[in-house]
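Starting off with a structure, shown below.
Chain lettering (A, B and C) follows the sequence in which the chains are written, and residue indices restart at 1 in each chain.
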Amino acid sequence: MKMTLEIKVDDLDLFTKVLNATATVLEDEGTFVVNPKDGMTLRNMDKPRFAMVDLKIKPEYFHGDFKCDKEYKISIQMQDLKKILQRGGKEDSLTITLDEEKNLLKFTFEGRVKRQFILPLSEPEESTLPDPNALKYDIKAVLFSGSLTDFIKDASIIGGSINLYAEANKMIFSSSQDNREVKIEIDTQSENSAAKLIEAEGTHEALYSIDSFKNLILVDQAFSEVQLTFTSVRPLHLLYTDARGIELGYLLAPMQPDLDDELEGASSDDYDDDEDDDEYDDEED
Amino acid sequence: MKMTLEIKVDDLDLFTKVLNATATVLEDEGTFVVNPKDGMTLRNMDKPRFAMVDLKIKPEYFHGDFKCDKEYKISIQMQDLKKILQRGGKEDSLTITLDEEKNLLKFTFEGRVKRQFILPLSEPEESTLPDPNALKYDIKAVLFSGSLTDFIKDASIIGGSINLYAEANKMIFSSSQDNREVKIEIDTQSENSAAKLIEAEGTHEALYSIDSFKNLILVDQAFSEVQLTFTSVRPLHLLYTDARGIELGYLLAPMQPDLDDELEGASSDDYDDDEDDDEYDDEED
Amino acid sequence: MKMTLEIKVDDLDLFTKVLNATATVLEDEGTFVVNPKDGMTLRNMDKPRFAMVDLKIKPEYFHGDFKCDKEYKISIQMQDLKKILQRGGKEDSLTITLDEEKNLLKFTFEGRVKRQFILPLSEPEESTLPDPNALKYDIKAVLFSGSLTDFIKDASIIGGSINLYAEANKMIFSSSQDNREVKIEIDTQSENSAAKLIEAEGTHEALYSIDSFKNLILVDQAFSEVQLTFTSVRPLHLLYTDARGIELGYLLAPMQPDLDDELEGASSDDYDDDEDDDEYDDEED
């Protein structure tokens, strides 16, 4: 058997956190696309098709320990992956190897002891989802360390859904149900503000499921800030970026209509023209 | 809308602990009486009517940030209150405001972000309960830091009920069920004793529900000592006092007869004559 | 009442851990044999009769505070014992006293307060189990601090059962189910190895229930190493030893045939001849 895909992870901490968050959103199967140029990527919708995860772990993240001769589509049970990653110790490195012949993915932790976990591959999902980074927006903001987590927890007390509103110098997260309400108003121009507005064209407002936001708490705590872009009519896009080479995008459809219509039935007007991420999609049916 | 009731809480920690404990006992609705002289008070029985909470948060506790022009009766869902208080951060202050017109209570946390929670008011309970501080007793003791919590946990292993016995220099907490027993004997005169007897006339003994005691563990851990007064026949009275202006009283009926008969059907003999806490009760039906 | 059995425990921490682990394995009743020579011992099978606990707490462990005039058989509910031991504080000493007349065991914690728990005795189990230390083996190894806990947790992700393999310089713990696998390979000769092979005659391999292993995690974390002896056909024997005078043995039957046949129906060939631990068994029926 010729070794065709072998990835070594030294920085297990962040790697584990983003994949845990991804597993929490996707619930069961996840399809990774691995290729020499983009590294390890995953673009999948969650089961109810409300949200989409767009994960990119660039080859740089693996410090040269990224051996990959062509593009591979690897589909695995995300809950199995999550459990395996939790077994990684502080001193361990992790090597992920594909056995194409046997249709298996191997995870080898090496520390004081060598431990190897093996997962079977599933049939990869073939649907191509558009690049969330190409989605048009009118509001662009940055939320600082843990603010989004706080807002989600605040809204969870009330339940139901999260309403997001933004205009020139203001963002409001709110939620109301059974005469109970919560309202978090951010003056984005004040010093030490929890958020900064970078672009704001007009006023925008939309409603999102709290549960979809809750899946993000784990990853939100792992990054120092998150970029948020949205409009009243298109999905909300959250983008977590780590300088070591990880990008985790999260696309969330407004509560009506659902993300399915939004994304797959989207008119080309919703996306910018400079989309070129489908470079490796040619092999698909 | 004229602002008629506005309370600012700087010391959220103790405030949150006593209200959490109160919410644990009361389960659903709680009725606060707020007036310029006594501050924020609550005197309610628990649902099975075994126990009574008597909470007083004096105007001083709010360091002058206590704006109140007359007496208000404010009834809210205690579990909602508990959840809201848990969202207070270390750096936050909390302002509680009544909107009489809309029948709402507003909780505004101010820190790096301004967050406002709104709860609807319920119909206040109108029954007047007697002042537990006026209840006659023959035994008066002080239990030091966490001792009561320990005794409750010890008794919980055995289950059933807690038996309390006291005489001149001795207090005994005990519990027995299915041939299992626990007995905690305190020599109140020994150095470093867990309790000190202040008054002890005769020997007294009574039985209480362990579950009613368990509700107290949270608040018991927040105070450095608790005053306990009781007799064989009248309810047990626990009193937590904090010099900053908080008093939390907890009245617990012996297991037979129940507190209802004890308190509401109590003969005037059970209470001292200097009761004057009903000064503001005139407006009631 | 003449005091006939009184044991004082100063080092509550380890004592509590080994008895907690024993209680976890046995679930309900446990029978202690206490005598002047061997101290406090227990040799009981678990409920499904897959595993056996063999606990010895020598008189030395109690630093001379071990008063015992003859052999006693004491049977108690292990879950009650576990709960009582959890109530021991850091500063407490514990005195265990038998009241033969009343058929009770008393646990007295002494710290700032004197707390006494009393448990009723049950009818002791009379079956005599063979000494696991006399069981023949071909593989003898030592696993270092927490390694076994790690292997059990690794295998638990996959589920089903644990396969143990050993030959000259190698030990392999593995588990597989539904195309998922884990394999932990230990080069017992490498520096800093997680295990050391002391004796290895031939190659041996056997399958054990993961759940039976899981019961050991608590005790495995309390000791710095564990001795493991096994063959392909006889039960696995784990032995935890603490220099202060505690030995905890754990015997685990391979998954087929079960321990019952293995132990009770064992031919004398399975055991060495120097068995002399039945010195006190004469009084049994």
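Heads up, the rule we're going with is that contacts are C-beta pairs under 8 Å (C-beta built on N, C-alpha and C of every residue); 3 or more make two chains touch, one makes a residue touch a chain.
No experiment lies behind these values; they were computed from the predicted model shown.
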Connecting every touching chain pair, does the picture come out as line, ring, star, complete or other?
complete
So what angle, to the nearest 5 degrees, turns chain A so that its CA atoms land on those of chain C?
120
Do the two copies chain A and chain B share over half of their interface residue numbers, or under half; same or different?
different
From the C-alpha centre of chain A to that of chain B, how far is it in Å?
47
On chain B, where are the residues touching two or more other chains?
none
Residues on chain B engaged by chain C in the complex (per definition of touch)
147, 150, 153-154, 157-158, 178-186, 192-194
Per the touch rule, the chain B residues reaching chain A in their complex are 80, 83-84, 87, 89, 104, 112-120
